[in-house]
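Mind having a look at this structure? Questions to follow.
When the chains are written out, they are named A, B, C and D in that same order, and each has its own residue count from 1.
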Amino acid sequence: MISAAIVGGTGYTGIELIRLLSAHPEVSIDLLTSRSEAGTRADEIFPSLRGISDIVFSDLGDNTLGALQKCDVVFFATPHGVAMKQAEALTQAGVKVIDLAADFRLQSLTEFEHWYKQSHACPELLKTAVYGLPEINRDKLASALLVGNPGCYPTTAILGLKPVIEAQNEQAERLVESRIVIDAKSGVSGAGRQASLALNYAETTDNFKAYSVEGHRHLPEIEQGVAQLLDSQFTHRIRFLPHLVPMIRGMLSSIHMELTDAGAAIDWQQVFEDSYASEGFVDVMPKGVYPDTRSVRASNRLRIAVHQDNERAELTVIVVQDNLVKGAAGQAVQNMNVMFGFDESMGLNFAPIVP
Amino acid sequence: MISAAIVGGTGYTGIELIRLLSAHPEVSIDLLTSRSEAGTRADEIFPSLRGISDIVFSDLGDNTLGALQKCDVVFFATPHGVAMKQAEALTQAGVKVIDLAADFRLQSLTEFEHWYKQSHACPELLKTAVYGLPEINRDKLASALLVGNPGCYPTTAILGLKPVIEAQNEQAERLVESRIVIDAKSGVSGAGRQASLALNYAETTDNFKAYSVEGHRHLPEIEQGVAQLLDSQFTHRIRFLPHLVPMIRGMLSSIHMELTDAGAAIDWQQVFEDSYASEGFVDVMPKGVYPDTRSVRASNRLRIAVHQDNERAELTVIVVQDNLVKGAAGQAVQNMNVMFGFDESMGLNFAPIVP
Amino acid sequence: MISAAIVGGTGYTGIELIRLLSAHPEVSIDLLTSRSEAGTRADEIFPSLRGISDIVFSDLGDNTLGALQKCDVVFFATPHGVAMKQAEALTQAGVKVIDLAADFRLQSLTEFEHWYKQSHACPELLKTAVYGLPEINRDKLASALLVGNPGCYPTTAILGLKPVIEAQNEQAERLVESRIVIDAKSGVSGAGRQASLALNYAETTDNFKAYSVEGHRHLPEIEQGVAQLLDSQFTHRIRFLPHLVPMIRGMLSSIHMELTDAGAAIDWQQVFEDSYASEGFVDVMPKGVYPDTRSVRASNRLRIAVHQDNERAELTVIVVQDNLVKGAAGQAVQNMNVMFGFDESMGLNFAPIVP
Amino acid sequence: MISAAIVGGTGYTGIELIRLLSAHPEVSIDLLTSRSEAGTRADEIFPSLRGISDIVFSDLGDNTLGALQKCDVVFFATPHGVAMKQAEALTQAGVKVIDLAADFRLQSLTEFEHWYKQSHACPELLKTAVYGLPEINRDKLASALLVGNPGCYPTTAILGLKPVIEAQNEQAERLVESRIVIDAKSGVSGAGRQASLALNYAETTDNFKAYSVEGHRHLPEIEQGVAQLLDSQFTHRIRFLPHLVPMIRGMLSSIHMELTDAGAAIDWQQVFEDSYASEGFVDVMPKGVYPDTRSVRASNRLRIAVHQDNERAELTVIVVQDNLVKGAAGQAVQNMNVMFGFDESMGLNFAPIVP
């Protein structure tokens, strides 16, 4: 049994962490901090937790760090810029840290400062932090002290591209042309638990739109994923365009690629199936079957379909996940499992909710 | 062609007024005021108005009253408490005023102060203001200078009860028992255009709840409607309970009554059909057909169904309307038509949007 | 480990049973039958089950009964009229039967035939079947062979009325007047997994309506619950009116009662809290807090709030549940737990999904 | 005043036509045919039409053609394959025909037979039918007898590409690379008014998916639009991938192009604004403003935004429309207006419905 803290548990990733960790057989949530809600039971804010957890939000002020240092693992379910202020002191005390925000996702300080419009409190940790995508970084995670939990979109994009980039590296030949279009769609919970006119029900329902058309901060993370994490030997120019879907949870990324002649000679269905054959949370759909987002609703599974059309030289990859689970809190728990040597699926092996 | 002003057109009743008045053959919107959006074109805030209206929000400061006084009619699409400050000066200048908020709905100052938690700037006008329900107050409206546009729920409740109360008065005998339950349901747009966590899409969708369980400010308005407007000779105890439906527009009130023996002898379908035979905007459904809210979506129609079960002594009345049209802006335009002697349906005779 | 069969698992209660039983530590789903889908893996029809269950639908034809008789428990997730044909042979063989349809809910053959428009294959079993509401019938369920799993609406109605009727019986005095209005609202999944124009997304979304206004088959079940199950010493006339809410899961019943003077003297909040103090799945909300349906989404919890207004002599009870869990499959598993002597919450103690 | 007939008015394009034509000052709907609903008033099937239209569905059997021939214009709101059987007889009698299905959209018989899996009853008319996109084919439409109303997706795609292809033709130089990705998203009403499990509310809500991943029949129509209608001097390889959005109405197409060096030298915002400067129903958004689908809900407007990123050589065009109006019935009425010499916006100049 390990002792866990959640910093900032009043958002959607926070409540999802509470839900998942409350059912985890090896974890005890011993600390839940929030400045604004100190003294309030979590189940007052989230009545769905009544009977599930009786934890109370606390604000320990100056004693916060000391209290966190007594835990085995600290999850930051906070806005960008919070984890970076405590990561050093915690990891030096041997506490494992998983940041669900973006403080430790990008290795490049320049990219971080450009996209997140703030300076970084501990830039020297950027290089040592491990990018928390277990399907790629499992070995590093096993000994990691500090983990940057991936963004939701990058999780779909990097896992959707992994078999392609790896096959291309292996053949040392371009299999898909340089230009890749990732046209992505997310449910509204991805925007967080906040008062916002743009997110008002009457503004969002029966409506669809693109956003961040001029550039989204998940783009550099996807580019880093392809170039460094997947170590692509070839350059790719990625157009990433996100859209807002009137649904609560769920994310679908449509990845459009153009096959080279060499790429058309590949059996991509087979490549994808082989690539993920031993993965518990990545499911390659049978040929001709395409997943919808509800097939993973409230679960940690991510499903991928591949469509190859040699006549038109098209390779289309479709990836779905629940943005709050595999795209956030579930992946954080999966990372924790790897970091502590638990079975990777512990506490995560529940079925999606359908209908 | 009359000259109209809309004070505070940045909410949902505001944009609905702009939509309706822009298409009205006898109205020109000459002034649209907003402190927060002064200088902004309305179609920047509501891109749906691009190509429909090029009006600009203005804030005239000290000159506001003067400018409003040059108009023929002023609509207040403002929060409660705004219209009361200018109603006197405007009506004295001969300008007709229609307040879509609650300043002039209740005749009782005590009730107003109790339910709206504020004092009233011109209590002496409460008695002279006309309650803007044309199906009941048409004659008074024809010469009214100051109109309190009804609340959305009271519109359904009072029109749903009108044939019952009138028949009872006529027979001078109780036809329904004293206790009446109005179980009402509204779409989310009724809560207004605002940044609010409770109205966040992810909080509201796939969810249903009762609210104001301990008392809603539309209750005294309904009680006033029954006792004074319909001049009920019998007292009734009304339980009004509203609920929030995950839909943008639409309102349905289920009115539960218990028939007395005398009441069971009545053919209520006939009574309702007779009562509204000459009304253009109130539609009594054929026996056995029950309306859904989308059957009036975006239109000024209100539909009513009646179910009578003598064996169980039950009388059930179901009323639907679009809360933003017949429940707000459309009714305001209907009132304006009556006040200016236009055909009552002018500019309002468009079809609901289905699907 | 017991061996379970699900007859007819292609509907929403079917997949919910598969989801729940797959995670139950003491149950193995050994048989899943469907005539239309024989030979198909369940996860082909419900891709959400990929990785969760590899069970295959089978149609054993003449051997079905024999195969079912080898199981410890058989769940019927079928239309009304199916379970009645096999219940006798199964229970005689010592197999426990839980019917999620209506074949064994009503003890009165007359009522069954009237409301379900069919004759009954084994009317003699109606009296011996146990009504599967563990919070009331726990003792009988412990030794039951044949269980009629309650309808979704009656579950909310009967549990919402239980503390009231019991208090009234105890005091041997009317605490609420005879007339009770149950104004109920359900999500669309309650209508089942079917091709239907009326349930088409474009017909149902952004829409709200009452249905079965002239009488719903859950009414006699509610009346039976009050009169027999709760053994009410006083008669009550119940008006039950259901509505369709544009949401997938969730049910809310608003129960309107009129307090007698004796009833006004009661502290109903306390009565409700006492009544359910030891129940794991019935949660009485703190005074002044009203539950929304998502607070129980995908969980087996049912939450109740009570509002008492002595001045108006009103008692309002608001009940929420997930219609597919506590209102169907979850309650069936809860019943099974009681029938087999397992911990009543085994396999059911998971958190609701919010957002 | 012209006399119009609608063949097959029981679907969503049918009711939308009734809604639009009922309000058209120069049109009388004199005939509405349906085999299945003969004798039924339209407002029995669509209660939203109560008070709007009292037309009755008729089935004239052998006399149908004769009756249609007495009309000035016949709209076919039927499945594919119906209009082709009557088009010849009607046009020979001088009756103008507008088919909202696909019988006369594709000029190539081979393409029609391949994608629609049926033979064509009058292939010789394919070449003389006019493709009903007024913004491109206005002149031909003015004298057309037979019009193939465009598919919903092609309307967004062709109008979204028009300024690009025309500029490229003008410069006689590639401005965008050959590969174009059209990632499109549609509301559910596009699938028609039908009983379908896949379209059941509980299957569709809170869900998102791609469909027709292996090829959609609107692709050849888009390709024809680019190659022939826009007379592209350069070949383009178009990847068209549609998705289903949980909303009733609305369509958004994201068009991804790669700029050549010559293309990067163009000011695309200006090109788009110039291209549509005189169009009443095509609205180019100001630079940096991106339209959502509700900004055109229930209206005939189509809005376009352009984003150019020279550094990444990206040109992104985003197009929204209401699939039932500009994407179907509204465009049909616009075509009719052109064909009869009415003002092109007659009966179509109403505001979108927001919220």
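Definition applied: a residue touches a chain if its C-beta (ideal position, glycine included) is under 8 Å from a C-beta of that chain, and two chains touch if they have at least 3 such contacts.
Keep in mind that this is a model prediction, so the values were computed, not measured.
Novice: Between C-D and A-C, which chain pair is linked by more C-beta pairs in contact?
Specialist: When A-C is set beside C-D, the one with more contacts is A-C.
Novice: Return the chain whose centre of C-alpha atoms lies at maximal distance from the corresponding centre of chain C.
Specialist: D
Novice: Between chain A and chain D, tell me the centre distance in angstrom, where each centre is the average of that chain's C-alpha atoms.
Specialist: Centres of chain A and chain D (C-alpha means) sit 39 Å apart.
Novice: Please tell me the distance, in whole Å, between the geometric centres of chain A and chain C computed from their C-alpha atoms.
Specialist: 37
Novice: Roughly how far is chain C from chain D, centre to centre by C-alpha average, rounded to an integer in Å?
Specialist: Between these chains, centre-to-centre, one finds 47 Å.
Novice: Name the residues of chain C that each touch 2 or more other chains.
Specialist: Touching at least two other chains: 12, 187, 189, 193, 202-203, 205-206, 246-249, 291-292, 294, 297, 355.
Novice: Where on chain C is chain B touching in the complex?
Specialist: That would be residues 177, 179, 181, 183, 185, 187, 202-203, 205-211, 213-215, 237, 239, 241, 243, 245-250, 252, 254, 256, 258, 288, 290-294, 297, 305, 307, 309, 312-314, 316, 318, 355 of chain C.
Novice: Which of the residues in chain A end up touching chain B in this complex?
Specialist: Residues in contact with chain B: 12, 187-189, 191, 193-197, 199-206, 246-248.
Novice: Any idea which chain B residues touch chain D in the complex?
Specialist: 12, 15, 19, 22-23, 46-52, 189, 193, 205-206, 248-249, 280, 283, 285, 289, 291-292, 294-299, 301, 303, 324, 350-355
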